[in-house]
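Two complexes follow with subunit A in common, the first pairing it with subunit B and the second with subunit C.
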Partner chain A sequence: MNEIEKIKDALKSSNAEKIVAFVRKESEPREVLKVLSPNEVDKISFSPLSLNNPAKLLMQINGKVAVVAKGCDSMAIRQLIKEGKLKRENLFIVGISCKGVVDYRKLAKFVNLSEVNDVELNGNDLVLKLKNGEKRIPFLEVVDENCLYCGHPTPVIYDVLIGEPREGKRDFSDIEQFERLSREERWNYWISQFERCIRCHACRSVCPLCYCEECMVDPSNLAVSPMSTPEEKASYPRILGKTVNARDNTIYHLLRVLHHAGRCVGCGECERACPMELPLRMLERKLEKVVVEIFGYDLNEDIPFFSKLDIVGD
Partner chain B sequence: MIYEGEFLKDAISKLLADGYRVFAPSRVGDFHVFREISSAEEADFNYILPRNSAKVAVFPQNEILIEYGDWIERVPMEEKRIAIVGVRACDAKAIKLLDKHFLEGFVDPYYKSRREKLLTIAIACNNALINCFCQSLGINPRKPEADVVVSEIDGRVFVSADTEIGKSFLQGFNLRNENEEELEIKKRFESEELKMREIRVDVEKLKKSFDSPYWKEVAINCKSCGVCTYLCPTCFCFDIYDEGEKRGVRIRTWDSCQFPLHTLESSSHNPRAEKWQRLRNRFYDKFYYTLRKGNYYCVGCGRCIDFCPAGIDIVNAISEVR
Partner chain C sequence: MKIVTFACNWCSYAGADLAGVSRLKYPEDVRIVRVMCSGMVNPAWILRAFRQGADGVVITGCHPGDCHYMVGNYYAKKRYLLLKELMKFVGFEDERLKLLWASASEGKKFAEEMDSFKKLIEQLGEQKQLRWTP
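Now for the complex of A and B:
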């Protein structure tokens, strides 16, 4: 029985009211997330092009949900449970031991995507079934770079596990290498990156942990009510405007990332979503390194990082 | 007419020498963005579609409307001429659509100050991307609407101008007339359709489907980010606010109808509080509301499909409306 059949069987056994799973997009080889009813289970698909993290989608569904989750997806689900945003008893998690996903933009350089019918991982090669024939690409050349540093390829929480468990690793070698640059070099690097940002806020919007209804980068509307005077409305708190330049964009990204301290699960959705290809994972990984090395916190602990800081403070 | 050499690069050098502000595709890592350049070397034409659209040249993401102190101290207006070099048929068409929005009826003086001094140099498409669908919206990717059009066919560079400003710009170049064979080649090139996706728009159906649960289904995975609107060549929504209490600037910035705060009223009421309402609004704005201006406001560039982090696809969403 192949992987997809196993996933379908597991989903069928779940008795969930809704299914959150990957479905092949029309006209492109990648999968997208859909919310399905149990009788639509045969629509589902799964491949190294099942890129996205379903955790955020779960928060908007009531009742019992079955979900297909890779290692990092399960990390996000566990974190949301930890933070009281999801209930474990409402979830049926079909965990998939993940070998890494493809960087879709890299893949597009190797092949005309509209020619690709199917994609599968075979040993160290990504096998593309084309309209005419087959093409093999070494997986390492098209793998999402983020997956090379994956700490949890095997789901950390699941009801059914598909595939053999795989070892993760903790590797900050890339960050250490960057830290060796001078302060000026690092600053110039980041400014040249942030300069490009168009502030579409996709990195925030796709992040499974960015669930606040009101975000500090938006003009806060807490202060505005029907009774607010024009002066109050004109001077409501605002940390950042919508102006786009290297300076404001830097504030945006640093503020955004700091809210993920001890929380970021490393799924890479932020970087994947960025239309300007900013190296956003590098920021998150630096933060993760600080959390591990300076605060001695491990994401696998039951207590959230910020709560732990409170206890230490008392 | 035929040009021997790299027309686009030579055009940029001439434009810069003539004092134009030049916007052209420039390489960033593995992709291209339209941005202002200061030398021909910064431009790179090895691309099909830049990540962002050419609208940045006429409708910048931020602009200062007034500088104020005790009173209005300065109203900055564009003084230089602007050129967009290397624009594709979709983005060129989009500028015509922005013109309708900003110049018909209420005239936006800031937009006008840039637009009336604009020169567009377009490049015909040899290939389509996976999510291109301009042909089904009546655009010929091989015959862009611009002041100057460049087509590179089998190693020959064809250059033509349809407007006065385009014709007078070309006078500075050493061009020769096409021979009959070349005329035939160009004609064939322009009439050949590219293989690309097709959108089926049924306005009557759209009208009837406004309250359909379909939109909730389409939007279920929408993240309410601004990728689709910010990359869109025809999206024109903006926000205006002041920075600085006693002294400061009044700024106009792009805004996105996908952001919940876009429609939040000061009464606290939000007419489009739910993300499916906002996504539906964008689709209707492209294919129904804007018909009062006489056009669909979608040019089929496919950027919103390529870069939607949730994989929402305007071609499927509109074609399958129910």
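Now for the complex of A and C:
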């Protein structure tokens, strides 16, 4: 019995009202997330190109939901349960022990995607079933960079687990290497990166933890009319301009990341959604390093990071 | 030089007041913004201050354990450390951000610390990294 059959069986046994799972996109080899009713369970599919995180979708669905979750997705679900945004009893989680996902952009450089019919992982190779024949690519060359540092490949919370549990690791070597650069080099690097940011806010829209109904950068914060009293104006603090330039973008990204301190689950959706391919995960991982090394906090703790009242340093 | 100071209403603002009442001199570059608690200082305000041309930002609050709201300064310390580490990581001169515990009776300490911070900022020179330049 292969992986997909096992997932289908587990979903059938869940008696949930809705199913959130990956469905093969037409004319493209990748999967997208869909909300299905229980009798549509045969549509589902799963492959190393099932990239997205279903946690954000779950917040919009009422009633009992069955969901297919990889390691990082289950981290996000658990974090949202911790923060009171989801209810555990409403969820049936089919956890998948994840071997890593493919970076769609890297794969597109290897092969014309419209010719690919099927993708599967075989040992250390990614096997692409093309219209005419087969192509093998070493998995390490197309794997999402984020998956190389994955700390939780096995779901941390699940009802049914599919696949063998896998060990995660904690590796901050790339951050440490970057920290060894001089201050000017670091500043120039980040300014050259943030210069390219177009402030589309896709990183915010796609992040499972950015669920605020009104974000600090939303224009509704600035709804000021000629009739507004000074008191009303004062209650609309303008934290950040809408201008797109390297420095405002720097501030936007620093603030965005600060809101994820001790919460970021490391699914890498921000980087995947970014049209300019900015290294956003690097900032998140730096904060994770601070949270782990300076504050001694572990993401697996039941208490949220900011609620822990211990004082560090002098 | 412009130094923006967020001073908490209960300890540090009173401490700064005491410095004034006791006729201690501290640099006139220090501009105090009174907030109800150091825990309410949003990192966004600090970055905005730098954006608007501040050369240094100081957050002052009650000593740990003395907070009027019990735990406000614990939050302040957390936010400060995270922001500072992140600023260091992107290559911003993180010495320009300082956290100071000053109680209502420490007018002298407040004045001295402000003096030494002003000297440090003078050594670093004008803050150009985030300042608004047309």
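Everything below uses one rule, namely that the second predicted complex is superposed on the first by the 290 of 314 C-alpha atoms of A that agree within 3 Å, B and C clash if a C-alpha of one lies under 4 Å from a C-alpha of the other, contacts with A are read in each partner's own complex, and residues count from 1 in each chain.
In this text, a residue touches a chain if its C-beta (ideal position, glycine included) is under 8 Å from a C-beta of that chain, and two chains touch if they have at least 3 such contacts.
Everything numeric in this text was worked out from a predicted model, so none of it was measured.
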* Should the pairing of subunit B and subunit C on subunit A count as a clash or a fit in the superposition? -> fit
* Between subunit B (first) and subunit C (second), which does A:18 come into contact with in this model arrangement: first, second, both, or neither? -> neither
* Asked: Thinking of the overlay built on chain A, is A:285 touched by subunit B (first), by subunit C (second), by both, or by neither?
  -> neither
* **Angle at subunit A between subunit B and subunit C, C-alpha centres, nearest 10 degrees** => 90
* After superposition on the shared chain, which partner residues are touched by A:260: those of subunit B (first), subunit C (second), both, or neither? -> neither
* Given the touch rule stated above, what does A:205 touch, subunit B (first), subunit C (second), both, or neither? -> first
* Considering only touches as defined above, state whether A:78 meets subunit B (first), subunit C (second), both or neither. => neither
* Asked: Who does A:189 touch here: subunit B (first), subunit C (second), both, or neither?
  -> second
* Per the overlay, which chain contacts more subunit A residues, subunit B or subunit C? -> B
* Asked: After the superposition, what is the least C-alpha distance between subunit B and subunit C in whole angstrom?
  -> 10
* **subunit B and subunit C contact sites that coincide on subunit A, given as residue numbers** => none
* subunit A-facing residues of subunit C, complex -> 42-45, 47-48, 51, 64, 71, 74-75, 77-79, 81-83, 85-87, 89-93, 129-130, 132
* Touch list for subunit B against partner subunit A, complex -> 28-31, 33, 51-52, 61-62, 130-131, 197, 220-221, 223-227, 229-231, 239, 241-243, 245, 251, 253-256, 259, 261, 264, 266-268, 307, 309-311, 313, 315-316
* To do: Mind listing the subunit A positions that touch subunit C in their complex?
  => 178-179, 183-190, 216, 239-240, 247-248, 250-251, 254-255, 257-258, 261, 283, 286-287, 290-291, 294-295, 306, 309-313
* Asked: In their complex, what parts of subunit A are in touch with subunit B?
  -> 25-28, 30, 32-35, 52, 56-57, 60, 105, 108-109, 112-114, 196, 198-202, 204-206, 218-219, 221, 224-226, 228, 233-235, 241-245, 269, 272-273, 275-277
